[in-house]
Structure formats: C-alpha cells, structure tokens
Amino acid sequence: MKLNIPAFVAALAVLLSAAHAETVRLAVTTSFHNSGLSDTLLPAIQQELGIEVQLLVVGTGQALRLGRNGDVDALLVHSRDAEEQFVAEGFGVRRCELMYNDFVLIGPKDDPAGVAAAASAAAALSAIATFEKRFVSRGDDSGTHTRELHIWSLADLDPDEFGSWYSEVGAGMGASLNTASALNAYILSDRASWLAFGNKGALALLYSGDAELHNQYAFLQVSQARHSHVKAELASRVERWLSGPRGGELINGFRLQGESLFRHNASCNG
Amino acid sequence: MVESILPLELAGACVRRRGKALVGPVDLTISGRELTMVIGPNGSGKTSLLRMLHGLERTRDGTLSWAVSKELARRRQAFVFQTPILMRRTVVENIAYPLIVRGVGRKHAREKAVQWAARVDLDAYLDRPASALSGGERQKMTMVRALITDPEVLFLDEPCASLDGTSTREIEELLIQTRRQGTTIVMSTHDLGQARRLADRIVLLLRGKVHEACSAEGFFRQPATAEGESFLQGGIVE
Amino acid sequence: MNDFLQGLIEAFRLLVTLDQDLVEITLRSLQVSLTAVLIATAIGAPLGSWLAVTRFRGRRQAIACINALMGLPPVVVGLFVYLLFSRSGPFGVLGLLFTPTAMIIAQVFIATPLVVSISHQGLRELWAQYHDLLISLNTSKRQRMTTLIWDGRRALLTAALAGFGRAIGEVGAIMIVGGNIDQATRVLTTAIALETSKGNFSLALGLGIILILLAIAVNLAIHNLLRTERASLW
C-alpha cells in the first residue's frame, strides 16, 4: 500500500480551510427536528437572510452543554427552568420564547389503564401507576423527561419507587417511541414527534389538552461575552426573523398530516 | 588489500539456552584460506556453534574475537542457513538485497544480482517470486545472495541437507570455486562423503564439545580418538 | 419480514435514482473513513513494524494496551475528541468541531489501535521468518522495519481494510464530534441513526444495505488492485 503523503497533506489543508461562510450553528431538540418544521424554516432563512443554519439535533441536556462550551451559536429548546438558569449564569444573552405545541400521552389503542377519560394529565399518569401498566420514560433529562417528572410530582408519585412496569430507556424521543411501540407501552411525547413518527405500531394518542402539557420552545442566543467567537450578529438576525412576522407566518402555517402543530407566541425578555 | 578479519579465536566459549550449555566450552581458531568442516551426530551442536561464530548466538562464559572489531568483522561475513530464508520478493530482488542494505544503488545492485544469478543458472527465473523456485534452486539463490557482498568468511549450516544429488553437486562446485578464490569457509554437514570431498580441516563435535580438530587428510586416514573412528565407520556415537 | 423487503426496495430505489443526498453522504462517508484509515495506517504500519523488531521492557504490556484499545467504545472516543476540540477545550481555537476534519480525527483514534494490532501480528510472523537473515546481514533497525513493511504489505493491507471496516460502520464518535449536520457532516451511519430514531425503518435499512455494498466495493477494489500489482502468489 503506497501512502501518498503530499496528496494527503493537501487534502487535509483543503478540509481545514473549508469556507466558514455565513453559517450559524443551532442546537435543537429531537422533538423540534423530527416534526419537519426545520425543513420549512431553514431554506427560508437561507433565502431571505442569506444565512445557513446548521442544525445539531441533540437532547436538551446536550444542547445546553454545547451552548455552555460555546460550540454552537444558539439553542432552540424546551425546558424552561434549565433555560432560565442558562441565561442567569451568563451563557445566554436572553431567553426568547418563540412558539409552543403540546405534550401528548401515547399508549396502547385498547388503553388498559383508561387514561383517555382522565380528568387531568396527573390523573392519567396516576391511573397508569395504579394499574401498573408498562410506561416508557425518556430518562435522559430532556425537556420531555423533565415535564414527565413534573406531572408525576403533581400526582404525588415518585418514579424512583415504581416497579418494573416503569422503564427508563435513557434515549431520545424517537428511540423511546420505538421502544414504547415494541413494548406496547404508555409514553409521554411531544405532539410533533408523535405525528412524524413512522413506527406507531399498535399505539395511539390517548390523552391531551391539559394546561400542564403546554410545551414552550425558546430561542437562546449564546453570549458573546462568554465566547468571543460566537456569531452573535448572525444569531440575532435569525432570532429576529424567527420571532418576527415571517417566522410566525411559517410556524403557524406548518402542517403535518393535515394538523397544525406549532403556535407562534414570540416574546423576548432580557 | 583490505585488512583481514581473521583469525577468529574462540576461548572457553559457550552457547547456553536457559542456563544449559548447548555448546562449549570450546577453544577453536579459524585462520587460513581453507574449508573447515564441522561434523558430528545430530544434536551435537553444529548449528549452534556456527551461529555463535557468526554472532547469531550470544557467546557466554568465554570469548570470541576477530582480528578486527566485531562490527567490522560482521560486514565481511555471510551465512547460509539450512532452510533457505526466502524474502517475499523476486529472485533478483532477493539476491540484490544485501547490496541494497549496504547502500548500493538499485540499478547497480540489480546488475550484479543478474550476474550472480547467471552463475548458478537462475537467469531464467529473475523476476519470479523466490517461492516459485524448487528446493535446490532456493538454496543456490541463498548461496549467491550470501556471496554477492564478497565475504571473507562464509558460514554454511548443512546447505545440502535436503537436496537431491544434482543440486548438491552444483552447490559443492560453487563452494570449490569460492574457496579457490580465497574465501574462508566454515560449514557443517552430516554427510561424511561431502566432508571427504570438500574439507581441508575437520572439527568433530560431540555433545557440544570439540572432540577432534585436525587436517581432513589426517582425520580420514586415522582419527585420533575411538569415538572419531566409530563415527567415521558409521557407528552410533552419542 | 415486511420491513426487510421495504428496506431492500428502498435501497434499490436510492441506488437507481442516484438520490442527490445519498450520493453526498456516501462520498462524505468514504472521504472521512478513507482519510482516517490512511492516517491510521501511516501510524500503524511503522508502529506495528517497530513492535515486531524491538524488544524492550514493558513490550508485552504495550501490546496488551493496544489490544485493549481496540475495544474502546466509539462513543468514548467521540466524547474525548469532543472535549479536545470543544471551544472550551485545549484545541477549541482551531474551530474544528462539527467538521469532517474532527470526524477524521475521531476515526483515526478508533482505527489506529486495530491497524497497529493487526499489522503487528502479521509483521511479527514475517519477522520470525526474516529474523536470522536480517541480523546476519547486519541491517539497521530502520532497514528491518522498512523491509518488513514492504514485504508485509499484504498484511498491512488486511490491517488497513479491517480499520476501514471499523471506521465506515462507526456511528458513536462521529455523531458527537460531527453533529450529523445536514449537508455538512452527515454520513451514512449518522443518517441511519437519524432515520431509525424517526421510526423510518425501511429508509434506515436501505441506507444500511448501501453501507454494506460500499464496504464490499472498497474491499474488492483494493484486492483487485493488488492482484494486478504483480501476477504472483507469495
């Protein structure tokens, strides 16, 4: 095997000098990306602002970590407490609420725990715990997982005390839905991921509508004071565009399988 | 005239494996331009002795010394192994290899290798892989690979051990020519006929020790010891 | 069974239509993994050769370490390389995170132990054959190493192909350091992971079939190259 070292060095040089055009790196959660909304928004941003948004699709925990380390220019996540802490610690410029959708409770079509008729999200989860029907939890400190834990606490229940019917899979939304589908189990999902999910099996959407299931997405620009290389100017433009009328129009108009998924409710504070 | 690396002197030298002496202690001197034949039964230590002389085995206890430094002496010796060591290369590349490692240019090394190949009738196989050669051809190739650097001392460890008559004759002819050109040869054999045909001097090795060392003529006329006589007559000697 | 069939159909569709995205991620997969293996071999061949011809205290331990490194989970390598190249890490200023270069670096870490280990095994056998001859010819250590590398090039090729197999099929490390960014760092394996997470099993399976075909094609291409190199068998 001949090693053509000069050619290799040349190739490496080309790679290293790859043009850093007008690109912004945005860490987003799987639930946002799986909906397909990004496929509508990114080309529009490219066209109207001339900015290429590179998406890093990760869990909320990893997204916040990437932001803290300065590896992305902005975040689009849905975990309010963690977001506020991120801003308070000075990693984010401000928290800009952008849009919302909702979480939904998914489960076997025959609904053995009878959650469909529950009076609230907490009551629905209580029913699952009472009947000890199989439940799949993200278990990955994501926004969805945080919300699930919040609702258990509203029902005065502690998942640490649950039996084997409660499975923490420690995976992303898609992987967790795959597991739930295989186990024919209950699971809390965001509406977008559920609609876009291609392996529904015998699962169905059983419960939704409680105010506690409100799922707010926020845009967080990483602070240039912390990480001087961050492309603050470009990220600001993306933020303004998303929270402005064009963003609103595309977000409200986005439909998946005939359903409107996100409501634009832009409000930036700080 | 280049300074001779000879004599080679062994004094009380041993080869040990895991503490056990395979050879020695041996006192022996190799000087003159002659062919020294090491004979002895299987397991008597012929191979180990030759390897020690060439520096492939560490000398324990006693001393091994050349007329010049070991490094200098090393450059003027060559070794032919009982089982030919074939490099995964063509015949001509195998023969040229010792020149290449000495810094001779590829073109010149190849020219010389081609000449040497012709001397042992390998010219038809120059660009074939060495592994395609027959047993006799392989040993002829390793012979000329050893001779291409024009060594002053040539060691051979039973070079004809597994060869047919024709190949043995060709190798012996090459050895006779080599000796005639002034190369000192030290070799081993288990073939008394070969010892008779080639040897100027005989070293009879028994149980790792030099039992007799004398002129070939004298040895074959009348061995000095009873074991020597028994070995010569084909008896079992331990 | 239906999923398998769908996967085959999907692979066939992607191949026949020469899907633009597919071509792009396939080429990127090749670029990243081949470059990584080239570097891994440039490190592994001399190191394997050096380990074969050198005796030193702690050699066994060094070889044991390299063999153990072969089992390193790619995710760990990915995390390690991420921490090195994160903006907050020691090499952050280079801005290499989430680029193909970072993916190559991660795969070099993954492939090199394998290439070193397999090279060493092959060259050690060759060294056992050559040992007496090369000592007798008074060769320098450098000459011994280069002779082993040249004469053992088939073993090295086997090592390189094994390294390529590990690199091209790896997802854990490049997902972390590459980020699976569409049009920038997405490769076959990360695309498969993404489609699986979306529940698009047939597309994921189709991409998997293409990945295997690609690996087979690379292996065959290199073996053919060798066969024509010299019409001989050693």
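For clarity, chains are labelled A, B and C in written order, and residue numbers in each chain start from 1.
Note that a contact is a pair of C-beta atoms (placed from the backbone, for glycine too) under 8 Å apart; a residue touches a chain by one contact, two chains touch by 3 or more.
Because the structure is predicted, anything quoted here is derived from the model rather than measured.
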item	value
Least step count from chain A to chain B, where 1 means the two chains touch	2
Top chain pair, ranked by number of contacting C-beta pairs	A-C
Chain separated most widely from chain A, comparing mean CA positions	B
Innermost chain, taking as reference the mean of every protein Cα atom displayed	C
Whole-Å gap separating chain A and chain B, where each centre is the average of the chain's CA atoms	79
Chain A and chain C: spacing of chain centres that average the CA atoms, whole Å	33
Centre distance in Å when chain B and chain C are each reduced to the mean of their C-alpha atoms	47
Residues of chain C that touch chain A when the two form their complex	35, 38-39, 41-42, 45, 86-89, 92, 95-101, 104, 153, 156-157, 160, 179-182, 184, 194, 196-201
Of all residues in chain A, those that touch chain C in their complex	1, 3, 5, 8, 11-12, 15-16, 18, 20, 25, 30, 34, 54-58, 68-71, 172-175, 177-178, 181, 196-200, 227, 229
Complex contacts: residues of chain B adjacent to chain C	54, 56, 74-75, 78-79, 81, 85, 87-89, 97-98, 101, 128-129, 131-132
List of chain C residues in touch with chain B within their complex	126, 129-130, 132-133, 135-140, 143, 147, 151-152, 232-234
